[in-house]
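Just below is one structure, and these are the notes that go with it.
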Amino acid sequence: MNYGLLVMGAPYSQPAPHSALRFAHAVLARGHQLAGVFFYHDGVHNASMLMTPPQDELNLREAWKALHKDHNVALDVCIAAALRRGVISQSEASRHGHDAFNLEAPFELTGLGQLLTLQQRCDRLITFAS
Amino acid sequence: MNYGLLVMGAPYSQPAPHSALRFAHAVLARGHQLAGVFFYHDGVHNASMLMTPPQDELNLREAWKALHKDHNVALDVCIAAALRRGVISQSEASRHGHDAFNLEAPFELTGLGQLLTLQQRCDRLITFAS
Amino acid sequence: MHESEDLLVIIRHAPHNSNWLREGLDAALVGAAFGQSVRLLFMGQGALALCREQQAGAPGQKASLPTIDMLEMYDIDQLNVPQRVLDDLKLPLDALVDGVTPLSEEQVKALFSQNRPILNF
Amino acid sequence: MHESEDLLVIIRHAPHNSNWLREGLDAALVGAAFGQSVRLLFMGQGALALCREQQAGAPGQKASLPTIDMLEMYDIDQLNVPQRVLDDLKLPLDALVDGVTPLSEEQVKALFSQNRPILNF
Amino acid sequence: MILHILTTPPTHEAAQQVEQAIQAGDTLLLTEAGVMAALNPDLHCWTQNDYAVFLLEEDLVARGLSSIAATHGLAAVDMEGFVALTEQHAQSVTWY
Amino acid sequence: MILHILTTPPTHEAAQQVEQAIQAGDTLLLTEAGVMAALNPDLHCWTQNDYAVFLLEEDLVARGLSSIAATHGLAAVDMEGFVALTEQHAQSVTWY
């Protein structure tokens, strides 16, 4: 089957992304496809390059990035939810007059329509929120 | 009297910082001193320079900055809570190998001890959390 | 692939308490803009999103009522709330905006169908 | 300025559900490191922080039990939980770590004094 | 006397916790989502006589509950009144 | 048949909401803080017979509730079992 995930919690603050990551690996281990993960609400913080957990803790952004690299999973981040929370790509940052940015590929800022598209093209959309 | 505030919610996601900002102005309007605001838990997101709310919404970071400029209110951010959530100063960023940063003066990354100091030196410590 | 049942968007968060309400309504509006027929179900504190007298909040907290008013322009005219929620909250129907339809317990359960895409906020 | 009553730190959040538990315990440890005498009160789901069998969670979720075990090293030996919380949660005392003292309703209220600095997590 | 600040609806666990902590002579201030208590005048906090209870007016107004609170005869304070309450109480605890 | 996923303790509003939505033949999976339901075998979800209920094993273990759940004879699934449940149900709803 073809799966999509909707993740709406921030790493370390909510268990949702941690559960989602483990579920993602279990989906792949059972031979399914994972088309994409959509990050919405506080889930947009998963994409932050500046996330700096203590050294003995997993960096969740790096774990999502590895999932993309190894299994070609799209990592889409809602642009409206991200910008108000301070998660921004280079092009959006320069458009809004910021000198810095904290989101880069393989994470992509996209519209909310991408979530509805994911829901339509997948057999299963599973939501992770706490 | 001398007041201190503890803010533990993220802008736009939780009402706590919005309530705290309005309370801060009311404290000053009644002739009190406001020694400082300590940002802890998800409250650390108040300090993000990359926060980009829609143009018709108040930028909370700018509002805190104005409070510092006009009334000399210290804006202290818990370093451990901030780093794991992707809020980081230039010096910490370079120490951790990041090319960018999203926290600068008048916000200061400090230890949690600063919260206990604020509680001890103020007549009132009011917590804003939702 | 889903059959073409309408999208059910569930709103369970009150205005000003978080960004859940606004982000849930945004999802409903985008669904409608994508041509889906959208039905809204307000559960728990979400029913407060329908209070007709609500306003903007503390600095930086925009009102959400204009978005509720905008739903009809997007052909989202199914605003449902379980009667039980109104009873539990002691929220009088006349305190709500026009066009809200209370549902019985059976009607609420009937909204949940495996062929209908659901988003729960 | 406060008189030198001990700092009361209230913990109301369970392990792994948020960072509240860890950040609350950190505040208690820093208070102790600053020379304050610290008393911990576990209310509601916070009582789960005391479960002796808890472990690390999903990837990236560190265990919090080692911090509980560390409290004694910082001379934080007052681990209080309302008896009512144990009753409400149906949490048996023998499922908890050693050294937990259940409190009656009156004892809980007596902890709240205006001369005592309080941090509520 | 302690000022207890409750920011959650009456159904939330924090509303039960404040009841375990509050004592005669204390004050309870309902802010943010806490003002939902205005809908139900039968709640324990409105029927007891041990401590004073106030709603924060701006949060009532924002949620459209101001006239319901007035109908039920419940007391509200504005933000200046909130500051005044913190002046009168040496200690405050926020329940969220 | 719908798979309902509940991530909150039984005292949370979301736990009442799932009861309003769930139907005979559906399945309820308790994850994250939802596994706190294992402490109380008298809860409605354990005493009813309309739908199957499972606890997520890894979340039980993380919170130290695994042996209590076993004592109460409650059914748990591992993460692979969670995926299997999503295979068997065309639709899922997460309550949080």
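For reference, chains read A, B, C, D, E and F in written order, and residue numbers begin at 1 within each chain.
The working rule: a residue touches a chain if its C-beta (ideal position, glycine included) is under 8 Å from a C-beta of that chain, and two chains touch if they have at least 3 such contacts.
Just so it is clear, the structure is predicted and the values come from calculations on it, not from any experiment.
Engineer: Which chains sit in contact with both members of the pair subunit C and subunit D?
Structural biologist: A, B, E, F
Engineer: In terms of C-beta pairs in contact, which two chains are most connected?
Structural biologist: Here the largest contact count links A-B.
Engineer: Go ahead and note the Å separation of the Cα centroids belonging to subunit D and subunit F.
Structural biologist: Subunit D and subunit F have C-alpha centres separated by 27 Å.
Engineer: Counting only Cα atoms for the centres, state how far subunit D is from subunit E in Å.
Structural biologist: Roughly 26 Å, centre to centre.
Engineer: Between subunit B and subunit F, what is the separation of their C-alpha centroids in Å?
Structural biologist: 39
Engineer: Of all residues in subunit C, which are in touch with two or more distinct other chains?
Structural biologist: 16-17, 19, 45, 57-58, 61, 117, 120
Engineer: Two or more other chains touching the same residue: where does that happen in subunit F?
Structural biologist: Residues 13, 32-33, 58-59, 90, 93-94, 96.
Engineer: Where in subunit B do residues touch two or more of the other chains?
Structural biologist: 11-13, 15, 19, 22, 41, 53, 57, 84, 123, 125, 127, 130, in rising order.
Engineer: Hey, which residues of subunit D end up touching subunit E in the complex?
Structural biologist: Within the complex, subunit D contacts subunit E at residues 10, 12, 43-45, 82, 84, 105, 108-109, 111-118, 120.
Engineer: Report the residues of subunit B in contact with subunit C in the complex, numbered from low to high.
Structural biologist: Of all residues in subunit B, those touching subunit C are 11-15, 18-19, 21-22, 53, 56-60, 63, 130.
Engineer: In their shared complex, at which residues does subunit E touch subunit B?
Structural biologist: 5, 7-8, 31-33, 58-59, 79-80, 82-84, 86-87, 90, 92-94, 96
Engineer: What part of subunit D is in contact with subunit A in the complex they form?
Structural biologist: 16-19, 57-62
Engineer: Okay, in this complex, where on subunit A does subunit F touch?
Structural biologist: 1, 3, 8, 15-16, 19, 22-23, 26-27, 29-30, 32, 123-130
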